[in-house]
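A, B, C, D and E are the chain letters, set down in written order, and residue numbers restart from 1 in every chain.
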Amino acid sequence: MNLGVVTGTVTATVKHPVYRNRRLMVVALCAPDWTRTGRETLAVDTVGSGVGDRVLVLKEGNSARSIFGEGEIPMQEMIVGIVDRVDGEER
Amino acid sequence: MNLGVVTGTVTATVKHPVYRNRRLMVVALCAPDWTRTGRETLAVDTVGSGVGDRVLVLKEGNSARSIFGEGEIPMQEMIVGIVDRVDGEER
Amino acid sequence: MNLGVVTGTVTATVKHPVYRNRRLMVVALCAPDWTRTGRETLAVDTVGSGVGDRVLVLKEGNSARSIFGEGEIPMQEMIVGIVDRVDGEER
Amino acid sequence: MNLGVVTGTVTATVKHPVYRNRRLMVVALCAPDWTRTGRETLAVDTVGSGVGDRVLVLKEGNSARSIFGEGEIPMQEMIVGIVDRVDGEER
Amino acid sequence: MNLGVVTGTVTATVKHPVYRNRRLMVVALCAPDWTRTGRETLAVDTVGSGVGDRVLVLKEGNSARSIFGEGEIPMQEMIVGIVDRVDGEER
């Protein structure tokens, strides 16, 4: 699981059922002090996040049936939480 | 999930059933502003993409039976969407 | 599996059931001689660890049902042990 | 999935049933123009490949029973095809 | 799968059943010519290896029940073989 900041949204013609009715966000991954690591990822929103929100990003597999046939497991990153606070050393 | 641009195709003698009747594409992975990251990957096309298309690439496992015996799970990257637009900061 | 040192805690509004009643820790990953590698990760605590503890971090998938629907498999890192000693060359 | 060139073979006392009666090859991973990336991997041969062959390497999990007990899933790289040609830009 | 050399052992209070009655080793990962890559990993021994042995390290998931609840899948690296010889170019 990673920390990140939502920086944008993607509009695409996606046929994969995992993405139906879900927004696809651009997330800049961050260290615990919220400096950006330089890596960006695309993540499916599940919590109603918007651009600028500090979020938790979880990599998740999905074993539901897909258009590619049964048994395929897409692995995507999902925004699963809004971060309130990070405590600890150096913070 | 990653953004990328299709840059070529691969012709190969592949015995694995996952690849039957599917084209194998070379994809240059891109940042959200479409600059190339320098990493390239091979991805199975599922949306009729062609060279030059801006696409979404998803890593996916497949638990279908394979020539290697039951229960094996190939993990391959698949082109699952054509990107219309990326919005957000710095774009 | 990796070695690390707990450096902080994360407070977040997380909807994912995997995180219910579990604390989310910031862990600085370490080499076997306990020098930090520079990489940090978030990990769910399962052993009652606190800031400063030297721990074992395991990546784990979870096939339990989730709020996203059946069959989704979050993959998160978990703190599964407290390290007593590392023996060997250069130590 | 990756492109690579077979560069050697490994002789080992391996107890894991996944490797029974299969040769274990050293593969130098390559970019689409067949320049080596500098990364090497070990891969189980499934197509009768030999040293010098240009191959497709697939990461695959195996959920068959193992000597470690039921339910364990080794993830290994397998040579699943011989490459005939890569077409596209810059080639 | 990777090549490596066992360089040490870890003593820890680990609650996870995957590690019961198994030794946890420090392994320095190696290129096919046995130069060390600089990366180290922790791996569960399954072949009776000791410090100094040249080994095969396999990443493996385990779908057995765990203390965290049914269905969780720890992914750990395991030492599954002792290497006799690596043949090929540049060796």
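Quick notes on this structure:
One rule holds for everything that comes next: a residue touches a chain if its C-beta (ideal position, glycine included) is under 8 Å from a C-beta of that chain, and two chains touch if they have at least 3 such contacts.
Just so it is clear, the model here is predicted, and its values are computed rather than measured.
Under the touch definition stated at the top, subunit C and subunit E share no contacting partner at all.
Note on connectivity: the fewest steps through touching chains from subunit B to subunit E is 2.
Counted as hops between touching chains, the shortest connection from subunit B to subunit C is 2. In the CA-based superposition of subunit A onto subunit D, the rotation angle is 145 degrees, rounded to steps of 5. Mean C-alpha positions place subunit D and subunit E at a centre distance of 19 Å.
Centroids of subunit A and subunit E (each the mean of its C-alpha atoms) stand 31 Å apart. In subunit D, the residues that touch at least two other chains are 61, 63, 73, 75.
Order of chains round the ring, counted from subunit A and going first to subunit B: A, B, D, E, C. Taken in their complex, subunit B has these residues touching subunit D: 7-16, 19, 24, 26, 40-43, 51, 61, 63, 66-77.
Every residue of subunit D that touches subunit B in the complex is listed here, in rising order: 1-3, 31-32, 46-47, 56, 58-64, 73, 75, 78, 80-91.
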